[in-house]
Each structure stands twice: as structure tokens, then as C-alpha cells.
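You will see chain A twice below: alongside chain B first, and alongside chain C after that.
After this line comes the complex of A and B, so read on.
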């Protein structure tokens, strides 16, 4: 299985608590517009992702992450760079 | 190679004032061993910059900047990410006779467009000759500056390739502007506060000598952003002006791992660190069980609180949770200030902790009188609702006068609530390139209209709220005009259809609210509209906003036809049961009030 496909379900798991009731997450879900996230919750998610995937997320990749797919792709790249 | 952080002890004798420029203060500090230290996102030290080296590097860079043949007082825009380059550039400007302008370095998820737009608006407003961003931020700066006429723009490295001038550099003089500080990220209404050398040095002297009673053995820790007044003046300039060592965490590192703050305090035995209430709250939220005694906060003697409404409940939780670490509740220092006053107006006395004034709520609401309640009058918990509790923010720093005035401009006596006016040598010389805005808040005889409401008790200042429109969330200023303008990006919203303001939650944090005219009667479409609007606001401002729809032409206006925010707010509070409102956010949970369906009913009912 490609790395990306292993990342996606783990990412869903992290994001699930932030989904709105009855909302299903897909890789097209927009993190900020579709999820119930304020800036503090975003920080909690970044922390969670860093710790679970054992990566360090550079500040400058954050603004270009819109969807769950973007996020998973970034994690994939950062994992490969390790 | 980094051998370790700069020491707390200094061979130079501590001098906390009497300087006429920041450059002169750095010249003095360079005679000792203290300096600044920078820690990475796991708390590891990655750079150490003694003041002596900072001075050398800043003077070298000043010669390179001078080689660019810029006019005196030309602006140098600095994307103010926490790191040694910020210091180098800020002080190079001081030596080169240029004015540094720290710009926001806050990146949010899917926030590229927002951030670039904001940078561009600020660049267009301050018209810098030179702009710098650290490598991670440079792509955004470069995009934002596209088409603007700059002499040089680049990462710090590109500046190191510029030739040094042979001419003598001429540091900023006492009467010249020391820096330009943008008080809000507002793209439509940027406010660039100009602060003269004499102003900031007067304020620093008050803060250090009277406010903090600084002395040998003091050391500071900060995660506050360098583009905010508390981060810049309080923790970049103040430590240098009193030759104290300071340890920095990036704001982002703190936000992700708040406990790093406490670890660094423990490790460095720091005595001074400040935060808005929410910083203390984040620590409590993320503290692990039985962990508190692993920290040693016994050296922390000044735990400052300011920048947003001070919430004593949160501070008490922090003190209780961290009691095993040796943290003393008496270390809390409540402060009041604003960028227009350089930084601080008043400081609660050191070592006294948070002091609360309990007053009769209804008397305050009806007559504007803050009548104190004694312990016995406070009675049982049952009549808690009749009591208002406010934090005493202490006495003005020496040289600062405070007046409380009513709407007619008359000065009010003690315990009468009104608008807070301040005057002193530390005040701004005005908003950059905006005489009209300056005239509105700064009188010819030097009184600044703070836009805040409060009262005095025997010389101590107590803040009760705000008259001005700004919404403050997590210490961040958000202007309602920006939210309204953003709403107009949606096809349904016409100019004048949206009115934004903030309301206070029971825990005294603020919530943004927007009341919007709605011509749509279909509940599903209304719900969709609310959803899109909230998404847009979250994307641009990382802010949750409560949206209420009302029928067209129902938003109250002033006599001159402008939207009345205060009236809209008042009507909103009358219409809604706030206790239930705070239970959740609309659009996020359909079991809670007010639901789009019910909003549809009221909207439809009134438009029939």
C-alpha cells in the first residue's frame, strides 16, 4: 500500500473529533471551512500529527494546506524526508 | 558553535534608564555578558546572541543599509518571526537612522491568501524602502510586494552581500521615530502607531523601575510575537534596556506545546514572563496529571497579565494547578496598556497578586457608579449575579496621567465609570500618514482617548469594558469592519447588510457576532448561507463567529445613516437568551439555539 493510503485513515482518526455532527470526512473536506476549527484547535491537531507521525511540520507549509488531501500529501512528503 | 545561553549574572552594573536612544542603550548593554537566546520547537537552544555581538552585527548591517542611500527615516519592513535576525535588523535600523516596521508572521491553515493580502496592505500603507523576511516567510513577502517599488527586498542572507558604506552612520536621534507598530492586522484600516525614541524610553524606564522593580538576578522568558507591543516593547526592548538576559520560544511552539513555556522557565530560573490570560489557560488545559511538581517556578516573581480582559478565574486555576511547582499567586501582575502608549499605562504593585474590586452590578449599569460591596453584603452564592468583579490594574507609571471622562468630556470622580484618557511622555506621536485618525484619538494637549471604559479607585485603574469597536480574541485585535467587508464577498450580502461586534461570554472571553440582512426565505438556503459565511470568516481570521440572520432593512442606523454597532449589539442581546447562546455555536450543533430553522421563522415572520 502506498504511504499516502496509510496516512489518510490515521489522519481521519485525528480529525474526527473536530467534525460536525453527522459529517463524513473525505479527502476533499476543507480543514478550516468545513470543520469546526479555531486557531487553538488547529494547534492541537498539528501537535497530534507531529507526535503520531513523528515529524516536524515547518511553519511555511501550513498556509497552503486547504483540504485533508493537501494535509495528507504534506505529511507524506515530510515522512519521506525523514 | 553555541556553548550555552547567555548568563543571568552580569559584570556590568545594571542601569535601567537614563538613555536617550535605543542605540545608546545597546551601546551600554554591549559592555556586559548578557543577551538573547532562542529556543526551537522542542525547547532546544539553537542560537545565542549576547548584546555585545548584537551591537556589532547591527552596526555592520547598518553600514550595509546606509550603502543603499536611503533617505533618513525610510521604513524597513521586517517580517517579525521570532529569531536573532529580527533583533539584528531592528537595531541596524536604530544605528542607520531608519525606521523598523515589524510585520505579522502568523501563518494559519489555508491562510496563504489572507496572509499575503494582509502583508500587501501593510506594505502599501507604510511604503518601505526595504523589506526583509526569513527564508520560510520570504515567498509570501515577495508575493505581497509584487509591483511595489522597493530599493531592496530579500532574506537576511541577501543583505549580507550588500557592500558596506565608508560613510559614518547616523543613529536615530531622541526626537525621531524609533519604530512603527501596526496595532491590528486590519487590511482596510491599518493603524501604524509611530513611537519616538523618547516615548518608548520613558515608558521602558517606568516599566522597569516602577512596574517591575528590576534588579540584578532578573531574567526574562517570552513566547509573545515580536509584532505585538507586549512582545516587542516588553520582551525585545525592555530586557536590552536593562541589560537582562532573555530566552525566546516561538509563538507557534508555545501554541502547540504550552508546557514548553513552563519547562523553559524551570530551566532558566527566569523571574519575569508575561502573557494574556489565555496563555495561562492553555497551560492548565495541557498540563498532565501529577506533572506540576516536575516544574520549578519558584523564581518567577513577575507573572504579568494583560493585552485582553484579565480573567481572574483562569489565573487562579493556573496558580492552583502549579502550586506544586512553587509558583506563587502573588507573582501575578495585572497591567493595562496599548501600543499607542508604547506599551504600558499602569502596573499593579509587584508581589501583591490579583486584586479584585467587587461592585454592585445594577448600580454600575444604571448609574455608572462602581459601588463597592463589603464581604457581608456579598452574602451567599445565591446573589452572585448582582455582583460585578473587576481586576485592579494598578496605578499609572510615573509621568502618566489618567482621567475618566463622561460622554460630555467632563472629568469624573473616583468610582464613576467613563472613558479612560491617558497622557504622558510615552504617548504615540500619531498614526503614520493618517492625521485624521490621529486627531480623533489624540488631542492637541496630548490626551489619548483609549476607547476603553473604566473607573479609578484612589489612583488605581479598573477596566470594565470597551467603547471602541475592536474584537479581541486570544490577544488578537480584529476589526468588525474587516469582518463585514469579508461578508460582502458573498453574493447575497450587499454593503451595509452586515454588522459585526463582540459580546462577552460568562467567562469574560469574547465572542464575535455578525447580524446579517437576509432576503432568503428557504431555511435550507439560510443554513447554507450561515455555513459559508462562517467558513469564510474562519478561513480569513481563524475565528468562530456567531451569525444571526434578520429581515432586510432592520439593522439600526445612526442619525447620519451609518450602521450602529452598539445599537445592533444591544438589540441582539435583547433578542437572544445569551445563556443558551454560549452553550454552542450555531451551525455546529443542530440541537442548540438559535437554529437556522428558528432564524428562518423569525426572518420570515417579520418580513411578511
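After this line comes the complex of A and C, so read on.
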């Protein structure tokens, strides 16, 4: 199984509490537009992801992350750099 | 496509909502300033308890005299950058005096504290470097990081284990890493765990910058800040600070033993592309630094006042920061309650800072007081009485409201 495919379900699990009622998450879900995340929630999620994947996510990558797919790709890249 | 100015609409709505239930906190007019701790605000006498004027030097006769003399002798401004227009002798004297005060070899002075962080961080770090910042760092530090182009990683507020974990992940890149923390954090007034951070920094071979904006003149036997108090000045590579709090003016500085700080002048855009500090500011800052050095009684008074206010507010049941400090923030519940409380204090003649989400680190609503050495015991009493009376009034309002719902 490719690394990306192992990351995705773990990421869904972290993001699930932030989904609206009845909302189904996919890799095309947009973090700000669809999940309505404000900057505080984004920071909370980043810390959680960093813990679970044992990586540090530079703040610089945040502007490039729009969808869950973008987020998973960034995690993949940072995990491979370890 | 949306209009360029459309982005302001949510802001306009938020301000409209706020001003319907409150005086606009961003339009508090200080009509007459009477002393470091008193003013006429919106027509009413007010005790100022949110000014960061820690040593109360804004009305010190010697500081005023120095500023007046400088204006008369050197004019009102420098009208340009030191790079283009040259340095006034006062700039060099102030840098020399600050370096000597901190026991460091080098000092750069900036026109504001904000620019000091921007200028120093962006000059020291660039692409390929890493900055590790405490999550609760000031906006000027975040902005400096962004300007630098370095990789920016946050660690949990004052969590040394989290910092260690992130340094370990960096491996060989630690030699290219700058750790940034603050002496006293501006919202809750808590100290950085600097002794442990200094050990960690040495262990991993990173560099350490401490922003002593709120701790200059407040902490340490000589008032040099948290690095002095914690006994770790040797491990702190760069100290940044401001003239706008304990020194009662405006401006910023960086001191260090690294000669690169002097070279940084040539690459620091916030240093180069702005007018240098004006003569009156330089003169009053030098006089205030002299006061800070020669009058330790100011620090004693400041801490007496800080401990009293902290203990009294704690006794009244307010949820405060983890330790007494001249920054005392009461954590209130909801935003509406905080707005009502702030207005209540204003009506009682006490001005404090209202901090609403997302400005506070954990998204809470705060009433932030800052204590001054210039506050009299009577003023501290009046601040406490105002907090007690507004608290009582608002609790009875809440009871009335609940009663109304029940009936």
C-alpha cells in the first residue's frame, strides 16, 4: 500500500470531529470552505497531526494546503524526509 | 469575481455588532493624559491599568528634560535612514549604552520594537534555515519569520519536551536553527522556561533569541530581563527588546556578542528603509535607561503593586495567569460577558485592555491589566474595588436574567 493511502484514513479520523453534521469527507473536501475551519482550529489540527505522524509541519506550507488531498500529500512528503 | 474591498465586509459587521453593545474599544479617546497612571477618557477621569508603562517613566522630569533639550538642539526628526542620511551621535551613544548595560559587544537600534523583530529575524535567517518559535510569540515575531523565508515551526507554549522533540527531528539542521521565545509573554505574563530552554539549545547546538519586550526593567537583579534572572545570559545569542514599555518611548534594539549583528545593518530592510529614531526619542530613552539602572526601587514598587493586584484579583475568584507578574490577565467566559465587564470597568473609571478572540493565544476572552511602579496603593485598591463591583453587578444581572427565564 502506498504511503499516501495509509495517511488518508488516519487524516480522516483526525478531521472527522470538525466535519458538519451529515458531511462525508473525501480527499477533495476543502479545509476552510467545506469544514469552515478558522485559524485557531487549523492550529489545533496541525498539532494533532504532528503528534500522530511524528513530524513537524512548517507554517510555510499552510497556504499550499486547500484540500484534504493537499494536506495528505504534505504529510507524505514530510514523512519521507524523515 | 468579488470586489477588492469586499473582504472588509465581515470586519464591518463585527465592528457594528460590537459597538451596539459597547463603547468601541478601538475608539477610546484619551483626551488628556495627566500622569503615567491617570487620564481623562471620553470626558471621565480614568485610572490607566493597561499601558505597559511598567516603570512609569513617561512623565519623569529628567526624561522630559532630555527630550526637550534634544528637540531644541537637534530638531524634531532625522528625516531619513541612517544608511542614507548618516547616524546622529545620539544613535551611537544609545547603542553603546545599551550594549554596555547588557554586557554585550554589539547593539543595533531600530525605529520601533516591531521593526526590531522583523529586522533581526529576517536578517539572521533565510531560505534553508529553520526557526522554532513558541506558539504564543508576538505577532512581530511571526511577521519577522514570514519575512525571512526560513522554515517556521511552532512548538507548544513553554513545552520544553515538545521543543526537544522538534529539535531531534531536525538532526543536522539544528546548526541552522534559531529558537525564539519571550521573556514575559504579553497576554498572561508568564515567564519562558528559559533555564531548560538554554540547556536544550546548548545540547542541540541551535541559536537562541529572547524577546525581552515585557521583561526589560522588570526581571533580573539589574533589570536586564529573564535571561539575567534565570542566570543564562551566556546561552542567549540575541536579545531583542523595545523602548516603548519600561523605557516610556518608542523604538527597539538587538544586543549580542555575535559580530554578525553589526553586519545585519546592511541587509536588514526594516533597519535600512525607514527613518531612524528621532532625537527626542533617543534622548528620553537614554535618560530612562539611566533611571532603570540607578533606581532599583522602581522595580521593587512595580513588583509590590503587581503582587498585590494579582493576590486581590485571585482572592475575588478571577482566573488569572499561572504566576504573579506586572501583566495580569483575568480570563472571562464568553465574549459578551467580557465586553460587558470591560464597559463596567470603564464606567467605574478603570481602563484595562480587552482581548477578544482570536487575539488571545487559546482563543479565550481576557481583561488584561498591566501594572506600573507609578500606581499608588490607593489606585491599586480602586482597581480591585472596580473589579469586585462590576463582578457583583454582572452576577446579579445574570441571576435576574435566569430568574426571568424561569418565571
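Observations on the structure shown:
Throughout what follows, the second predicted complex is superposed on the first by the 82 of 82 C-alpha atoms of A that agree within 3 Å, B and C clash if a C-alpha of one lies under 4 Å from a C-alpha of the other, contacts with A are read in each partner's own complex, and residues count from 1 in each chain.
In this section, a contact is a pair of C-beta atoms (placed from the backbone, for glycine too) under 8 Å apart; a residue touches a chain by one contact, two chains touch by 3 or more.
Since this is a predicted model, take the numbers as computed values, not measurements.
Chain B and chain C, once both complexes are superposed via chain A, clash.
Legend: residue contacts after superposition of the two complexes on their common chain; A:63 is shown touching chain B, with no touch to chain C.
By the touch criterion defined above, A:47 lies against chain B and chain C together after alignment on the C-alpha atoms of chain A.
Contact with chain B, but none with chain C, is seen for A:20 once the two complexes are overlaid on the shared chain.
Looking at the shared chain after the overlay, A:82 reaches chain C, while chain B stays out of its contact range. By the touch criterion defined above, A:37 reaches chain B but does not reach chain C.
Listed for chain B are the stretches 117-125, 477-485, 531-539 or 585-593, of which 477-485 clashes with chain C, judged after superposition on chain A.
Across the two superposed structures, the residue set of chain A contacted by chain B and also by chain C is 38-40, 43, 46-47, 56, 58-60.
Residue ranges of chain B in contact with chain A, taken from their complex: 41, 81, 107-112, 115, 136-137, 139-140, 252, 255-257, 282, 474, 535-536, 538-539, 542-544, 585, 587-590. The touching residues of chain A, when paired with chain C in their complex, are 38-40, 43, 46-47, 54-60, 82. Residue ranges on chain C touching chain A, taken from their complex, read 135, 145, 151-154, 156, 166, 169-170, 357-358, 363.
Interface residues of chain A facing chain B in the complex, by the touch rule stated above, are 20-21, 30-34, 36-40, 42-43, 46-47, 50, 56, 58-60, 62-66.
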